[in-house]
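For reference, chains read A, B, C and D in written order, and residue numbers begin at 1 within each chain.
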Amino acid sequence: MSVRLVVKKVPAVGLEAEVIDPATLVKKGLSEIGRLQVWAGRRTMPLGEAFDISAEGPEDNIEIHGDASRVKRIGQGMASGRIDLLGDAGMHLGNRMSGGEIHVSGSVSSWCGCEMQGGSISIAGNAAHYLGGAYRGSSAGMQGGSIAVSGAAGGEVGCRMADGIITIGAGCGDFAGVHQKGGVIVVHGTCGARPGAGMTGGLLILNGRVESILPGAAYVEEVQEAEAAGARLKGPFLKFKCDLAEQAQGELLILAEPNRHLRE
Amino acid sequence: MDLILITGRTINQGRGTMTDRLGGFHQKNSAVIQMNGNDLTELGLDNRALVRVTSAFGEVVLRAEEAEEELPRGLAHIPYGPWASRLVGSDTGATGMPSFKGMKVKVQREAAEDVKPATTLGGPG
Amino acid sequence: MKAELVLANGTVYDPANGIAGERMDICIRDGKIVEQVSEKAQRLDLAGKVVMPGGVDIHTHVTGSKVNAGRIMRPEDVRSSVSPRTSLTRSASGYTVPNVYQIGYTYARMGYTTVVEAAVPPLKARHTHEELSAIPILDKASLVLMGNNWLIMKYLSEGRDDLVREYAAWLLEAAKGYGIKIVNPGGTEAWGWGRNVEGVRDKVPHFDITPADTIKGLLKANEELNLPTSVHLHPNRLGKPGNYSTTLETMELVRNATTRMPRGQVLHVVHLQFHSYGGDSWRNFHSEADKLATAVNSSSNLTVDVGAVVFGWSTTMTADGPFEHDLQRLTHLKWTNVDVEAETGAGVVPHFYSMRNAVAVVQWCTGLELLLLIKPDRIFLTTDHPNGGPFSKYPQIIHLLMSRKHRDAMMEKLNPVCKKSMLSSLDKEYTLYDIAKITRAGTAKALGLAQKGHLGPGADADVAVYDLQPDSTEGLEKALSSAHLVLKDGTMVVRDGRILAAPAGRTYWARCQPTDKRGEMINGLREHFRYYTIQLENYPVSEEHLIRSSPVVPEVSS
Amino acid sequence: MAGMIQNVTCPFCGCLCDDIRVVLEEGKVKEIYNGCALSQSRFAEAKRTENRNLQPLVRKGDAKLPVGYDEALNRAVEILASADHSLLYGWATTSCEAQRAGVELAELLGASIDDTSSVCHGPSTIGIQDVGYVTATLGAVKNRADVVIYWGCNPFHAHPRHISRYTVFPRGYFRKGRKDRKLVVVDPRRTSSSRIADLYVQPEVGHDYEILNALRAMLRGAKIAGPKVGGVPTGTLQQVAELMKRAEFGALYFGLGLSMSRGKHRNVEAALELVRDLNAHAKWVIGAMRGHYNVAGFNEVCAWETGFPFSVDFTRGYPRYNPGETSAVDLISNGEIDAILTVASDPVANLPAEVAGKIRRMPAIAVDPFKTLTTEAADVVIPSAVAGIEGPGTAYRMDGVPIELRGLCEPPPGLLGDDEIVLGMLQRLKGMGSR
């Protein structure tokens, strides 16, 4: 069953709705779905009070309409199925998910895809901080799957990423790939300062202008093209080993043309 | 004039927060922007002249003074407190910590009578 | 609890009173075990249930500066296990670094009612006591770190045993501690310069003594003070390949020492597993448990606890600062270190014991070998929580001890190095009677807690009742994790694994009488306090700071 | 009561100096000795009453009317109990006893609790959670250190006795005093602290991460290209790296210059990593210059009570921790908070203007001995005794050493301590629960 949720009322303090997970919703009847509890601060309320709920087609998916920018934890830990979100999403979208797919037509808040194991997330708008990153103290961020953001992302994209792929369409903030140890991050557009800080492995491709790089980024050579998850990016690229403050096993490729200032 | 602003503790700000948060001593020592003497001169300001300081998040009228804790040119310092807070944004970049140090501000001469006491600063600027 | 209670018809294991699985009644009045009660007493029929004294953990790290440093450093561990507040309980959190409520409730659910915090830096003893006071249900005691204390070392080098004794007594009172703890004597002080000591005969940098001097000197002071428990010693070279010889040498130091105290032992060697390794590198790292077992079994004045390893995450934490540095260099995980002025230090590093890792598997085997080879009166069950793994895993270890079949099945899943271990050939299986020794009777006796660890008249009515069959290990781990009933001072605190009440427990500490050396010692101490950054007068923890302060007053030797 | 009281603990900054001598006259503090200028001001306060809150106030209509404690506490609990998500904020300048009661109150309410460290050394704690914290008590530094670095802090102004009592000037077991130690100051401002340094390093604002990164790379033997890093000549950095490696015992103290400037927790993390890495070469420790006298205490109390050091959300009955989401500034600016209790802090003055504005517009209860912008804005004002002067308790020094606070003199007539006030709220709330 395809479940359609239309945002009706988000309480002033916001909502936490990890029950919005295909595995939880699609096998249930509408009234049962409506009775599932979501959190508004310390109180719970039925999902049906916050959303108008209806059934659509036979597909096992969830469609969300309206402004869910203050609804957190949609698709948290999901393992299968599909969520289409026609609007914005709040924090922790698809965090720790292991399978299935999430599509967002708008923008998402911080910790989207944090510590995810598998599955895919696509975002037409922007993402805030810690996209595909790690929670405080964790040793690994994203460990598999893919995240694609058409717009821009905030700080610490792919923090402690171990595997998987993140692509950003229109630039990102500081500390892209901080403590990255595996996987691939590709950023088109302008990138902030300190990419690859503390990087010990993986591949970070910055296909646009970069504000600055760290002393710990060691220049290796110029290469003509880059390859990321099957796609070829035309260079030339400046290739660095990152981060000399660590074991420097990470690879940082920066589009050469707009970034001659980095080697001055 | 465009400057980089850091906010911070000073000993008299610290004393002021205890002796009388709403009173004159605190205002005298915390409703100030400290700058390099050459920057003051370039702005044509006397010591403790009034200036309007504007950031992306707000503005506030302060007295400008030459920093005793010497600042390089281009850098300004305002003691922590309600005056400094008016220039600080609430975005923490998902860290919990707003950017209290390192924001861009504009400093201009100001014709106002005096700085506003803490109690009349009002809501967000 | 003024009411009278009879725990009727349970199958009782009370090794201190020689009771091995007898069906009998236990009578309780006013929180104590008594011979008999009146007709009006409430009767609880426990037919088919196993009854034991409340568990006594002789060595655990549950409070104070380094434990809290572990919590602060490891939010990923804290959030891995959380449960909400209920009308009776506070919210609980944490797996290897549990919060104070998780500690109290989890121990209680396992039938443990007394625990000993094994390492207190006196300068931060107030912190330890703040946490001890916050841990619900359990009775507590703590051991005070003295093995790297500058004034102790100074007095030892000057041959002033009398002042060592007087100062140790003062330190126990100041820190409201129960006993003397030595950790890597001289090594933690050397770590103040980024170094370590390599054996009991090494010189401690800048102090004209050796670790052997410290051990013997504090042991002498301990016995002259008639302290309820012996010195507890974490020997030099913890965790290093080939360290077993240092451990044997350390045990040899006290071969002829004796005590007047009923406990019998003059030295309790802590987490022996971590000190029982052969080889000279990680490649030929192996267990020397048999040699250590022989040494312990053939002595009459030693006890040990095992410090067993369980697989999964742990958080290592010890006053052995240099060890933690070496561990971090090996694993590159997070590392917290705290040097404590003029007396000790501590380190904290998370660690993962992997079933596939040869070193971890050797450590796992070593712990079990020690438990199976050493007489259960002399070895006690610990994981050196949370170093070898969390205390909540004791039931897993007990299961392994009680079933060879279970051990063999487990070894099939491990790095094949375990097939070469002595463990794979050991047939011994523990009985519940043995289990009661290594978790209750033995630990209470070694600690000198006469009212704990047994169910004879006069004992505190701390009782654990488990829903298990004495002759089967079916459901054993669950039954031991989640006791059928637990009484603390006669009050029912757990029923079917659920907390029913959370009364405050006692804090035991040793209040030694000053002698005529007190004045001279205090003068020296006043002088010595130039090297501290707090005032002498602000150093002692006042008794008002303790909840249910329970001082033990040792007899004064003539 | 008159006379001299010795060994008093100063409840101002994180140094928590406990050697203050206080002369009392007629039950009031008359003079103090050994204290710094900040300490003098702190104790002087106990003499004055004009700037104190002396009477509980409750807003009724447009006016705030004086009431008794009972009514004020009832009203406070009413506000908090009817909120969907309240925030209990402050806690840095009160005793651990009050803090502990505060954590339980948050748990019982299903509220969030945060201390001022989230806008102070909160980023440092986040850094510690990635790297760990290789530290020492102040006395270890006093006794052993031959190199002391202050980075992004100005102790002469914020911690006036730090250098003189604990680190550089004092005689220690292995050091005679100032001349046995090298002092290095790293600060964009040429502060008074930097003027006594043996080596002053002047970075550009917001480039600490680059400099720390370069130092770490140098330690691993890397050559750094380019003449300068973050405004500092590479040669100077090489000099610093050599000095660090040659130390017998080095100590690096850092301040908000790292935790508040661009990079925040990552700056601190890099400093923590630098000191960790240095231990392969020489003995080094690092310490955060904690500001308020018991801000470290809140982190300790909160950690043993909840497992987490600050920014704890109890809305689900169990603790959750995610600074950037569950921290005071984010919770308020994201509109997630609908009532606030502040204890011993002044967020309306010290948090960004947007956040201050939101606090002004929500139901607010302020517990404070003094009149502040926050008490001005609050609907319920609850006066309290000054912890550490008018009431006893425990506090934690910046290095985690717990020290007893004294009650030296009586508070103004009838005033309760913070701990009693918070416990009063707890009792009332528990009473409501059982009805």
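Criterion: contacts are C-beta pairs under 8 Å (C-beta built on N, C-alpha and C of every residue); 3 or more make two chains touch, one makes a residue touch a chain.
Here the structure is a predicted model, which is why all the values come from computation and not from measurement.
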*Taking the mean of all protein CA atoms as the centre, name the chain whose own CA mean is closest to it.*
D
*Between A-D and A-B, which chain pair is linked by more C-beta pairs in contact?*
A-D
*Computing the C-alpha centre of each chain, which chain sits at the greatest distance from chain A?*
C
*Separation of chain B from chain C, taking each centre as the mean of its C-alpha atoms, in whole Å*: 56
_Distance between the centres, which are taken as Cα means, of chain D and chain A, whole angstrom_ = 34
*Round to the nearest whole Å and give the separation of the Cα centres of chain A and chain B.*
38
*Between chain A and chain C, tell me the centre distance in angstrom, where each centre is the average of that chain's C-alpha atoms.*
46
*Sequence positions of chain D contacting 2 or more other chains*: 126, 129-130, 262, 314, 316-317, 321, 323-325
_By the touch rule stated above, which residues of chain C touch at least two different other chains?_
73-75, 79
*Multi-partner residues of chain B (each touching 2 or more other chains)*: 93-94
*In the complex of these two chains, what residues of chain A are touching chain D?*
11-14, 39-43, 70, 91, 110-111, 129-130, 135-137, 174-175, 178-179, 193-194, 197-198, 212, 214-216, 218-219, 243-245
_Touching residues (chain side chain C, partner chain D) in the complex_ = 63, 65, 67-69, 71-75, 78-79, 82-85, 87, 90-94, 97-102, 123-124, 126-127, 130-131, 134, 150, 192-194, 206, 325, 328-329, 334-342, 345, 348-349, 530-535, 537-538, 542, 545
*Residues of chain C that touch chain A when the two form their complex*: 73-77, 79, 333
*Any idea which chain B residues touch chain A in the complex?*
93-94
*Mind pulling up the chain A residues that touch chain C in the complex?*
135-139
